[in-house]
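Just passing along the structure, written as structure tokens.
Each chain gets a letter, A, B and C, in the order it is written, and its residues are counted from 1.
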């Protein structure tokens, strides 16, 4: 009875096209963000920040990026990990060459480089579609993997092939405690979520969705396929690149090219599918789900007295991911986000469903 | 001629168009013109090349021979989005809507070409981006009122019945404010009442905005009622061109299209 | 000349192994329009089951057992995945095969273990010298690769006969041409899918035997099988000869590139060369070398 649409009349187009036309939704999301900023930092342990919240937020950012491309523009990509790597290594090289660079600038620079690479590998999308494109993006993934391993310039010729980020100093704020890293990741995630939402509800988002739903019709109403697809590749890769830089600098600290291999690409794609294709909220839900599942598999059976071997946990993870992908594709292609919306729909009727 | 409207000079001239797929000739040596403010009907039996002709006009197919001149500008090869930029809009035989989007969003996509100002404001939305969105929303709402589809504004188009989908598709084309509107069987699969509505919309568009319309239609009653001129195609050739009454009496047209008298 | 030929032949023979995996893809794509990303996982699954069955039973029984398992897998996939997703867009089906890939990888390894198992079905493994009279010292080739070439040849022959001469084969070709038309003349689509996925499963078993003999049965087989993707792109998704020629081109191309071009830019380029080659081809011939040209209509 509290969650109501009736009674809120939208009298201007401005109000009607707001992100949350229903006041309770707005209150809920704003409340969630407020809790994330004002409550979570004081109640969570370092383990929670390091093992769950920080990776969740950064991967959610990457998922958001990939969702713009796959979910909104309909261009499938198996190369998100590669674009994250470009972001991480470009940012790393920039701070190695110009140590005075502000880290935020370096990360955004990483994003710009990733966008450039994204456009380059997006060019085939102008001629090929669907699984052909998927194979083309695999090409980028394998090539980038190889490049960051074999061309040692990227890692400043480090003998181990790994790279280490400098201490995190942002405008004089030294980010070294887990809670600070968490706040940093949170800020990036929130800012990018807002930007992504604004993009997809406006003209750019509509041209992406039109291209996704029917590319021929989109072209006939005047959408340039090249503009729509390449802008999706660029912006998606930009966000993935920034996420990759954060993953390297903030979460890993020291990393190897393996951190961005094809398994990373797959897991990001799965977050998109499970969370919901074409949903900003879904990107966060999917990332949360896939971050939490291994932890759940590790802890819960052990707590029940049935500890699983590490190998078994990883096999189970594979199986559950695989089964869930199929489940969501069959039952609800819009993923967890859609389940959430259905829940709200029910709540709207509650307690008088008839 | 209805309501004393004035039909102007040629808006689009197709000159000796030939189009073949592999060895199959779809169009051979067709010349036709579409005049300003008129409603031109293109008729002919199935496989006569009507849809191919529309596809050539809006740049989807590239004819091997011949030229298209639109608003005095001659072109040989172009992409469909160029045609859209020049002011050609169309609908499809099998509805080509964006299934994942609502009615409103579908029609809003028709405004994309006109939304140019606020690209760099998109990420933050407030200010120019929002103002531009509202401006175009107001235009789109007028189309929604005109087509009487207010109630399905927020419904995903995939869930709408066929007749309404065709109406939404017309709305999307209208949102482009085209100079030339191509309609590929706008009334196929509709019942009488829906057809009447659609006829009314087409006549109103032509009347109120002066939009030039070229349409393909099989229902001869409709064609005779609403069109100013009729072009008849058969096996990729043009066999008739003139006012409805004249075409209806043309012996060759009767033979090819309406069937020989038995 | 000798070393060059040696590299070339080695590459061509590895290419045959790629073709074996690619064949399975082509079969499924032709008959159901599904781009089956899981073919590599099926190869691993088949090889794993065979190697574990061999521990407890003779070869013929193990082969039968693995074959039965692949057929069972096809039935399950049809029931659980394909049937509910019928008439979905190709891209959704493609993503569902990603799900199948992960499921089979996880399931196979939790069932059969995830160590490296040597596989011995009686194929000699020692490298031998051939053409010793023509070249000084002869050319060194892997016997497994030679066997693979023979097996691949036989397999193509059998498949060709199966498609051309049997009733089921004709039905399969009908379905490949047009789903709805085939259904309307009374060809049961679901059965056809089961058959096709079963055949693809058996092809996977053959590929698994060859790869397993060469590398040992281990997880990396599933990754090697990904090389079949550029082979497909090169050869065209619907063409059996394309899969063979594509495999040979990719195999030879990547070996030659690795040996003659790799050292200049740091080596290890085998991992991506095939993909880049396929990508370059895609830009100029989107339908591949042997694929059918796609005409778009509205």
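Annotations
In this section, a contact is a pair of C-beta atoms (placed from the backbone, for glycine too) under 8 Å apart; a residue touches a chain by one contact, two chains touch by 3 or more.
As the structure is a prediction and not an experimental result, all values here were calculated from the model.
Of all chain pairs in this entry, the one linked by the most C-beta contacts is A-C. Each chain gets a centre from the mean of its Cα atoms; the one farthest from the centre of subunit B is C. Look at where the CA atoms of subunit A average out and do the same for subunit B: the two points lie 41 Å apart. Look at where the CA atoms of subunit B average out and do the same for subunit C: the two points lie 48 Å apart.
If each chain is reduced to the centroid of its CA atoms, subunit A and subunit C end up 33 Å from each other. Residue positions of subunit C with contacts to 2 or more other chains are 298. Residue positions of subunit B with contacts to 2 or more other chains are 60, 92, 96. The residues of subunit A that reach two or more other chains are 216-217, listed in rising order. By the touch criterion stated above, subunit B contacts subunit A in their complex at residues 58, 60, 79-81, 83-85, 89-90, 92, 96-101, 105, 108-110, 112-113, 115, 118-119, 122-125, 129-130, 133-134, 137-138, 141, 172-173, 176.
If you check the complex, the residues on subunit A that touch subunit C are 74, 76, 123-124, 127-128, 130-132, 134-136, 138-139, 142-143, 145-146, 149-151, 216-217, 266, 269-270, 273, 311-312, 314-326, 329-330, 333.
Only residues 35, 37, 80-81, 84-85, 88, 90-92, 94-96, 98-107, 109-110, 114, 226, 229-230, 232-233, 265-269, 271-272, 275-276, 278-279, 282-283, 286, 296, 298 of subunit C touch subunit A when the two sit together in their complex. Within the complex, the subunit A residues that touch subunit B are 13-14, 17, 195, 198-199, 201-204, 206-207, 209-210, 212-214, 216-225, 278.
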